[in-house]
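Below is one structure; the comments refer to it alone.
Labels for the chains are A, B and C, by order of writing; each one numbers its residues from 1.
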Amino acid sequence: MSGTTTAVASPAATAPGPKDGGGGRERRGGAVRRHPRWTPWLYLLPALVVIGGLLVYPIYQLGLISLFHYTQAQASGGEPATFQGFANYSELLGDSQFWDVLLATVLFAGACVIGTLAVGCSLAVLLTRIRAVPRLALMLAALGAWATPAITGSTVWVFLFDPDFGPVNRILGLGDHSWTYERMSAFALVFFEVVWCSFPLVMVTTYAGIRAIPAEVLEAASLDGASVFRIWRSVMAPMLRPILIVVTIQSIIWDFKVFTQIYVMTGGGGIAGQNLVLNVYAYQKAFSSSQYGLGSAIGVVMLLILLGVTLVYLRLLRRNGEEL
Amino acid sequence: MRIAASVAALGMAGLAAAGCAPSTSDGGAKEDEKSGKLRVWLFREVGNKPKEKVVDDVVARYEKKHKDVTVDVQYIPVDSRAEKIKGALNDPESAPDVIEYGNTDTAGYVKDGGLADISEEFADWGATSQTDKTAKESVTVDGKQYGAPLFVGVRALYYRTDVFKELDLKPPETLGEIASTAKKIREKKPELYGIAVGGAYTYGAMPFVWAHGGELAEPKGEEFAAAVDSPEARKGIKAYTDLFGDDNCPAGKCAKMGGNETVEAFAGGKAGMAIGGDFNRQAMEDGAVKGKYGVVPLPGVKKGDIAPAFAGGNNIGVLKSSDHRTLAVDFLKEIAGKRTQEELFSAMGFLPTFSDTREKVAKKEPFVEPFVETLDAGTKFVPVSPAWGEIDASLILPGMFQEIVSGKKDVEGASGDAAEKMDEVFRK
Amino acid sequence: MRPSRSLIQKPWRTAAELSALLIAVVVAFPLYWMVLSAFKPAGEVRGDRPVPWTLSPSLDSFRRVFENEDFGRYFVNSVVVALSVVVVSALIAFLAATAVTRFRFKLRTTVLVLFLVAQMVPVEALTIPMFFLMRDFGALNSLLSLVLPHLAFSLPFAVWMLRGFVKAVPDSLEEQAFIDGASRTRFLWQILFPLVFPGLVATSVFSFISTWNDFLFAKSFIINEPSNQTLPMALLVFFDKETPDWGGVMAASTVMTIPVLIFFVAVHRRLVSGLGGAVKD
């Protein structure tokens, strides 16, 4: 494929043999020309059918619902749905709480993404430097955290940090310090839980990636006397980029939409709503009282924000010469 | 930005098509069949077996009377009931004929077009002359009955008999005494909360408001208007929020607690008193306080008064979409009837909604006496309005208590803001 | 990593190993607490003395979990749903990943971003449109109504992950196959597919866990067919605002987590080598 630029993939490097005049074919453009134009679309077809039918169509409905006064009474046919233009949006954007919550969400999600990636990547590097037994122990612990349902994970964490009934305050000698009273300390507690349950994915993928980097490359870097951090920045990270892009984008999407952890751990958004994030806010404003019109409007706004973030991220990558 | 452009195009397409309406369902029954399968949804309780046994008997009795009918009972987890019932409303094909539902949901389900009006049958049913007034209120919307009460749940004051004996205290007889007794306990035994209270424990706080003559909301024309900012309500709010502090229940820990956490604190041996329900008995029996607690009605402002408690509980209703309406109402009478309520009390400890049945069972089981006394003294209910669901879900009242407790606002300010938010929802 | 091992000095390695073990303990502690709470007798789960052991382990909580009628049935349903999602999404994602990596065409990036878009909407918001869609398909109450949405939600991630694996297969191989006269289909299934397979296994883990642990769809779309319920419904029984049964919650969670954990332990080596394929380009 002509788009791939790395040395390993170039046919000249791997297939030097004089097999059937390969050079000639190469000049004619290789695989790409062989296929009719619609071939990629044929391969994409099943995915597009699934995505189109099960995602695009519902999202279209979502946009539609967001323009209506649409509650449970409308959904179940008790009352007719009335078109009301952008009323749901203006209600949302006119709510000063929405902007507070949006800011908190962006900061909190940003912290979670960075925290998760940092912890995941450093532990991945750590994994490459230790022998099998401790490695297995850490790996299993991480896999366990990953496999735990979010609702249980959050519940257990609340138990652990309970000022009256939890062991953590006793171990750390914090007396009856309440983690959920102050806004920052409550966010911090949730942050730890989010990192706990999402770092394993990053760690395992990154570790696998490092393992796949040719040993000579790392060895050469070590011989040059580069520090662990330098090796990571200048050797590992560039090679791991395809993986890191995926986990970064996914982390952004997941952490921006964090719900269960906040809902369970701070009792639905913290004292007087101080720990609300967008998804929990949406739940309280709309979904739990079946105001689907307003809820859909929040959904559309979240979609637009995340889409914006993702596009900016992808654009930055492209500016750095990264191909998707 | 080719991507952005095509996404925008997609969005425009959506707008252009906005003329056509989003999907809805067409509910409503067409027939009233007299045979076939009757589908019933009941809540799956923790430890559901005894309930199943009672229900099995009910079904057997019913099927004996109606030869051509089979009853299919399903137990749904309490935590998924909202989704299930919404699903049933959206897809009448999947809907059952009879459901059990939490009594605070009545107005909402009626508005959603879910529950059938059974006022006539309710009036003709002899047993209902004994139905508790508040229980009846909890199935009534705009003067019409949309179901029958199955059981009530009510809260009273739990206290530690051992602690009270050791400190030579008597169970408090006024709300003022609760505060002073609580502070004494905390002073002598700093490892305990005097009385465990929670900033998110709305149903524990409401009796304080009601006892001082306040209301959550008052009927105004067709709808309600918030009343939490009335002078009486503010007195009650102050009395409750004054219980938070280092001399009883430190705000740092108690502001966040809900009903369940306060009960857990008491059951775990961390509190001298707590406001708990008859349905919390098992938690106490499993906890550290087993055999060391007593219950009295939550006292009012004056000696001899009982603070009005919130009457929770579940109802049984018939769905509007049911095509077995007559059969469904018959089943409702069987399962919410006196005999079943009595059996459910023995099996599950559910308090009957018929006054005479309740009296009868209270004699057999001394534990429920203070709760029955509370019920008899008169209970209160949340505003029967579909808006209540939203007020409850958006945590307006817990938010108000927490703002006061954490010192973010004073009673005046917080209750004024809460009233404003409530009115906004009522007006919708 | 044998070559680099020799380069690390002993004391450093010991320090690294000790900290790894310490981190493992910290990470595993919540899990340990979950299992422990499942075994504690009812009153002790939130007792006033939080000790990391119990002197009177009890199986009562597990008994309450298994007492759930049809527990075995729920389990089988969960497995069926999760496996269907895993297999179907792997196949579809494989094709899609091939399309977006081995071909250049207009709208390629748009398609990739489109795959992500759905995940950006809060699930609660999508439940209502999805519900009506499933109703119109006539899929409500059947396991299909769980498979389809999960398929849609796990595809994007699978495609994005698999891209790396497909990319890693050298172009020369493809060239060679065509020179040897292989058809496109043969190359796809007999050469590319086996090479990407480890990656498929690794990717499938993600779809498996998210499907296995979901209950929003399970409680919204399986309305009146209790025999089609999945495992998380057995967990939900114990969450009740007024009288939650924490022992039951922990026992049910343990029961849910253990099969996944066993599966993990079984495949974790393959998982690591599989995922590694994504960078070999």
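By our rule, contacts are C-beta pairs under 8 Å (C-beta built on N, C-alpha and C of every residue); 3 or more make two chains touch, one makes a residue touch a chain.
Chain labels with UniProt names: A = Sugar ABC transporter permease; B = Extracellular solute-binding protein; C = Carbohydrate ABC transporter permease.
As the structure is a computational prediction, the values presented were derived from the model and not from experiment.
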Query: Looking at A-B and A-C, which pair shares more C-beta contacts?
result: A-C
Field: Most remote chain, CA-based centroid, reference being chain C
entry: B
- request: Measure off the straight-line distance from the CA centroid of chain B to the CA centroid of chain C, and report it in whole Å.
  value: 37
Between chain B and chain A, distance of the C-alpha-averaged centres to the nearest whole Å: 38
Query: Centre to centre, by mean C-alpha position, how many angstrom separate chain A and chain C?
result: 14
Field: Per-residue multi-chain contacts in chain B, two or more chains
entry: 3, 7, 22-23, 25, 86, 90, 258, 264, 268, 270
Query: Which chain A residues touch at least two other chains?
result: 56, 61, 65, 75, 164-165, 307, 311
Task: Find every residue in chain C that makes contact with two or more other chains and list them.
output: 46-48, 109, 113, 117, 128-129, 132, 239
- request: Using the touch definition up top, name the residues of chain A that touch chain B in the complex.
  value: 56, 60-61, 63-65, 67-68, 70-79, 81, 83, 163-165, 176-178, 180-181, 266-273, 284-285, 288-291, 307, 311
Task: Mind listing the chain C positions that touch chain A in their complex?
output: 1-5, 7-8, 12-13, 16-17, 19-21, 23-25, 27-31, 33-34, 37, 46-48, 50-52, 91-93, 95-96, 98-105, 108-109, 111-122, 124-126, 128-130, 132-133, 148-149, 151-152, 155-157, 159-161, 163-164, 167, 170-172, 174-176, 178-179, 184, 202, 206, 209, 213, 232, 235, 239, 246, 249-250, 253, 256-257, 260-261, 264-265, 268, 271-281
Query: What does chain B use to touch chain A in their complex?
result: 1, 3-4, 7, 10-11, 13-15, 17-18, 20-28, 82, 86, 89-90, 108, 111-114, 199-200, 250-253, 255-256, 258, 264-265, 268, 270, 389-390, 393-395, 399, 402-403, 405-406, 408
Complex interface listing, chain B residues touching chain C: 2-3, 6-7, 22-23, 25, 39, 44-49, 74-75, 77-80, 83-84, 86-88, 90-91, 93-96, 153, 258-260, 264, 267-270, 277, 279-280, 282-283, 286-288, 290
Query: Of all residues in chain A, which touch chain C in the complex?
result: 1-4, 6, 8-11, 14-15, 19-20, 22, 25-26, 30-32, 34-35, 37, 39-41, 43-48, 50-51, 53-59, 61-62, 65, 75, 123, 126-131, 134-135, 137-153, 155-157, 159-160, 162, 164-167, 170, 196, 201, 204-205, 207-209, 211-213, 215-216, 218-219, 222-223, 239-240, 242-243, 246, 249-250, 253-254, 256-257, 259, 279, 282-283, 287, 292, 295-296, 298-300, 302-303, 306-307, 310-311, 314, 324
